[in-house]
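These notes open a run of structures that come right after.
Two complexes, one shared chain (chain A), two partners (chain B, chain C).
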Partner chain A sequence: MDKSELVISDLRAGYGSLDILNGIDLDVGKGEFVALMGPNGAGKSTLLKTLFGQTTIKSGSILWQGGNIAGLHPREILSRGVSYVPQGRCNFPLMTVDENLQVAAFTIADDKVLSDRDYVYELFPALQARRSTLAGNMSGGEQQLLEMAMAVLQRPKILLVDEPSVGLSPTAIGVVFEELQRIHANGHTILLVEQNTKKAMAVASRAIILRLGKVIWDGAPADITHDELGELFLTGRMAKEDASMP
Partner chain B sequence: MLNLLGEQLLNGIVTGSVYAIVAVGMTMTFGVLRVINFAHGEYFMVGTFASWFVIEKFDLGYPQSVVFAVALTALLAIVVGYFLMRKMVGAPFENGVLATLGVSLILQNLAVALFGGSYKFFNGGYIEPVELFGYGLAQQRILIVIVCVLVFIGLDLMVTYSRMGKSMRAVSQNIECCEIVGIDVQSVVLWTFVIGASLAGLSGVLTAPVNVSVYGGMGELITFKTLPIIIMGGLGNVRGTLIAAMILGIAESFVAGFIGLQFRDSVGFVTLILMLMWRPHGLFSLQSRF
Partner chain C sequence: MSQLQETQQTWRSGLRLPAIILMAGLVLFAPAFVGSYSLHAVVIAMIFLLPALGLNLLVGYTGLLSLAQGAFFGVGAYASALLSIHFNTPFYVNVVSAGLISGALALPLGIPALRLRATSFVMCTLGFIVIGQAISKNWISLTRGDMGLSSVPKPYFALGPWSFSVVSTAAYYYLALAVAGLAILAFYLIVRSPAGRNMIAIRENETLAEAVGIPTWTYKLIVFVLSAIFAGVGGSLYVHYLTVVSPLTFQMYYTTTILIIVLGGGVGTISGVVFGSILFVALSEFLRVAPEIRMIAYGICLLLIVFKFPKGFAPVIDKVWSALGGQRA
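Showing the complex of A and B:
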């Protein structure tokens, strides 16, 4: 793991006057696969949105590759190599898969698009066969793959993925997670928000647990059991910590 | 009788072509912005006035006046688009209604203030009749139909293949997602609006030799003819607009020819009401939008 590419310090942010993140401190190294987990309302999705410039930041800084990106416009953040796959459907339903990929690649130089599309089709073989299908006519799983492919085509240095398993069948979830691992193996840093903790822990190299807008646990997935995870979600503390407390 | 039928049909196609060139701009603007541009007819008026002005004052030829008129309309649209229309992205619906109605009043009254309220005579274009399928038709009317066909082929190619066209479709299909993929929505809105307004200006200057009168309030009637067309065509739908404009043009022509000229201007909304009773989502629903 290289030194930290993304350094978040004392980040407070939310929507209008409503604060969701209450002082987040977090470092992410190059090439890491980080799973962000936590109960509902912990601020996982808000953290991703904040990194992509879609919320109101009250204080704190987001250093990305040495520059502060806090409060920048999403287009500026995108051009610095941060791509975002939001929760729910985010494609252009009346365009074909190929056209969706073209539109997603508008941020990169036009002549590069063709070769880059081939790269993405290699990475997502399931989409190759569907390239002339309208995005809106595909299954939820295929649309999720398309949205990840659109983000990968932007050649990001870090990929922010929000709940890719929502509304998908177990088979489709399996394919989506396989794809995430493949993207990671190709050298992309991934920050994944996921409710399906078992799946997330299985693929990630690091797990971060948020609760009430703060980081309450940070470590390797192997260092925490599922029961402990549940306890952290519910109480914000672990039983063995209580036992060791005086 | 058959003779009159054919003549009205030809007239209807010409009128439909005029409406189509105006309406397509309004429907494209609606597609990306979800705003009904109540000032759209005013760009038709500005184009006509611009052409009339340079012909009368500078003795320019009609073709040169067309270029000047479209360029001036485009320039005006860039100003209005930059300071107003692109700011409507994400704004409540009523903002768009009020703002465009305001622009409409300003432009109408500006024309009256600058050139007076009287009707002006448009002296230009190609009004020599030629024979077509046994009917006498002014050259200008044939020109209108040819330009309409070229405009729609051009727009179809642009929307399907160009970067700008794809961005326009993207904005109309999922505006939230545009930010994620890095499309500059405000810029797409601005340029879509400029294209639409310029087409309205072009339509105005093409029609002027046939209509011959030029006056400040001429755009208003066009806006209200355009409204039923874009609703019938399926808001934001380019091909649907062409077909709806032809239906209205031909229907108007038949009503004017066989029932009475005084009923002509009511045809648009009557057709709209009948059509909405039959197909509430417009003639062409989502499938072929843009």
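Showing the complex of A and C:
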């Protein structure tokens, strides 16, 4: 693992007076592919939203490449190389694929838009064939690809992806995960929130498990079995740890 | 495809150009064969097209429903009337000033209003009309209150030693046509620009637009000001045509007419709104034949239109256009 690019310390945040994150500590190294997992209500999506400046931060810090981005406006965070793909359908349905990408390129200098779009089409060949199709007329899987492409177009140093598999067919999920691996292989750091633990563990280089707003496990996917993962989700502890306890 | 269909298609594909020539002919020579009352209705329709285009920019391209168009229309009318009465300024000065004054007023009003969302924003813009009416009624030294301003000069143009006034309905028709044409062109250039695309993005998904870095609030404020400029120009055109303006200009009737033109014609389209302005103003004028039941009949027509054409007339116009081009609609 390279030097940590993202260092989150004792982060407490939520919506208004409601706290969801209760002291998150974690770091992500450059070029890592981290899967954030955990039961419902663990605060996975809230963590991504918080990183992208969309929640109320109570305390703690989010150091991104050495600077604190906690509490900054999403636009400012975006300009520092953090892109976010929200959960669920999140595109401009009455615009074509091309237009969606043009809007997503808002922050990119005009002379670079075309070459960047070509790069994205190279990375997402499935979209190139659909470039004149209205986004809303595409399948859920294609729309998810478009949304990731829109985020990649912003030249992110880190990509925050929230549950890309939601509502997709098994085939489409396969394509989306292949694409995520390809984006990662192209040098982008990825922080992925995912309910589909099997898929997430298969592609990620590191797994972090959240429960009730705290990190309860952090390690390589190979170091944890699915049964142990289930145990962690349900109880917050592993059976073997229990046995060693007095 | 059968032989017959093919022949039909080739035959039909040549119909677009004749249709354009016919339409252009109708528009250019209308005063020659349209009765004076009908011509008056068309002039009114073209005047209403201006605030409607402004509202279309707001509703159709940023998803903001504003009832303030009537207020900015009134402001434009008063501004233009006062300028020409007190300073005897030529028409082009009045019309530009009316647009600028309405736009300048929209800026401080838009800043707090656009902090509000959805229904609260609509209510706030409704407040602007009420305030506009109250001011026009009570600032008697300026507006003459309920008596209104009368004998507003007909538009006159002055260029060096030459000057002429637009007096007849036919002459005014061409003046309104020119202003409406310019407004349509301005509208087209705005919505087809990259900024127009960003505006549509805001309408489609504001949160996402914000997430990709579009300064959504600034965009909405600019569009609010632009819509007021369109309305102000319309108000100016209106007052120099009727030569009177009173607090009645701030009535809900004007705002609802503008709303109906946009929502009934086709939100987010140009053809729908142009057609809507002609149809709804013409309908309202035509129904004067039965004054007792005029508004009831108008309401029933609206209901029928909403049920029959829920997306306005733009899809119908598109179909006709495609058919003229030989494509199966």
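By our rule, the second predicted complex is superposed on the first by the 246 of 246 C-alpha atoms of A that agree within 3 Å, B and C clash if a C-alpha of one lies under 4 Å from a C-alpha of the other, contacts with A are read in each partner's own complex, and residues count from 1 in each chain.
Quick note on the criterion: contacts are C-beta pairs under 8 Å (C-beta built on N, C-alpha and C of every residue); 3 or more make two chains touch, one makes a residue touch a chain.
These figures come from a predicted structure and were not determined experimentally.
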{"item": "Superposition on chain A - do chain B and chain C clash or fit", "value": "clash"}
{"item": "Touching partner for A:G71 - first (chain B), second (chain C), both, neither", "value": "neither"}
{"item": "Which of chain B and chain C A:Y84 touches, first, second, both or neither", "value": "both"}
{"item": "First (chain B), second (chain C), both or neither touched by A:G140", "value": "neither"}
{"item": "Touched partner set for A:G29, first chain B, second chain C, both or neither", "value": "neither"}
{"item": "First (chain B), second (chain C), both or neither touched by A:G174", "value": "neither"}
{"item": "Shared chain A contacts, counted only where both chain B and chain C touch the same residue", "value": "52, 74-75, 78-79, 84, 86, 90-95, 99, 102-104, 106-107, 150, 154"}
{"item": "Contacting residues of chain C [partner chain A, same complex]", "value": "194, 197-198, 200-201, 204-205, 207-215"}
{"item": "For the chain A and chain C complex, residues of the former touching the latter", "value": "52, 74-75, 78-79, 84, 86, 90-95, 99, 102-104, 106-107, 150, 154"}
{"item": "Interface residues, chain A side, partner chain B - complex", "value": "52, 54, 74-75, 78-79, 84-86, 90-95, 99, 102-104, 106-107, 110, 150-151, 154"}
{"item": "List of chain B residues in touch with chain A within their complex", "value": "163, 166-167, 169-170, 173-174, 176-177, 179-184, 286-287, 289-290"}
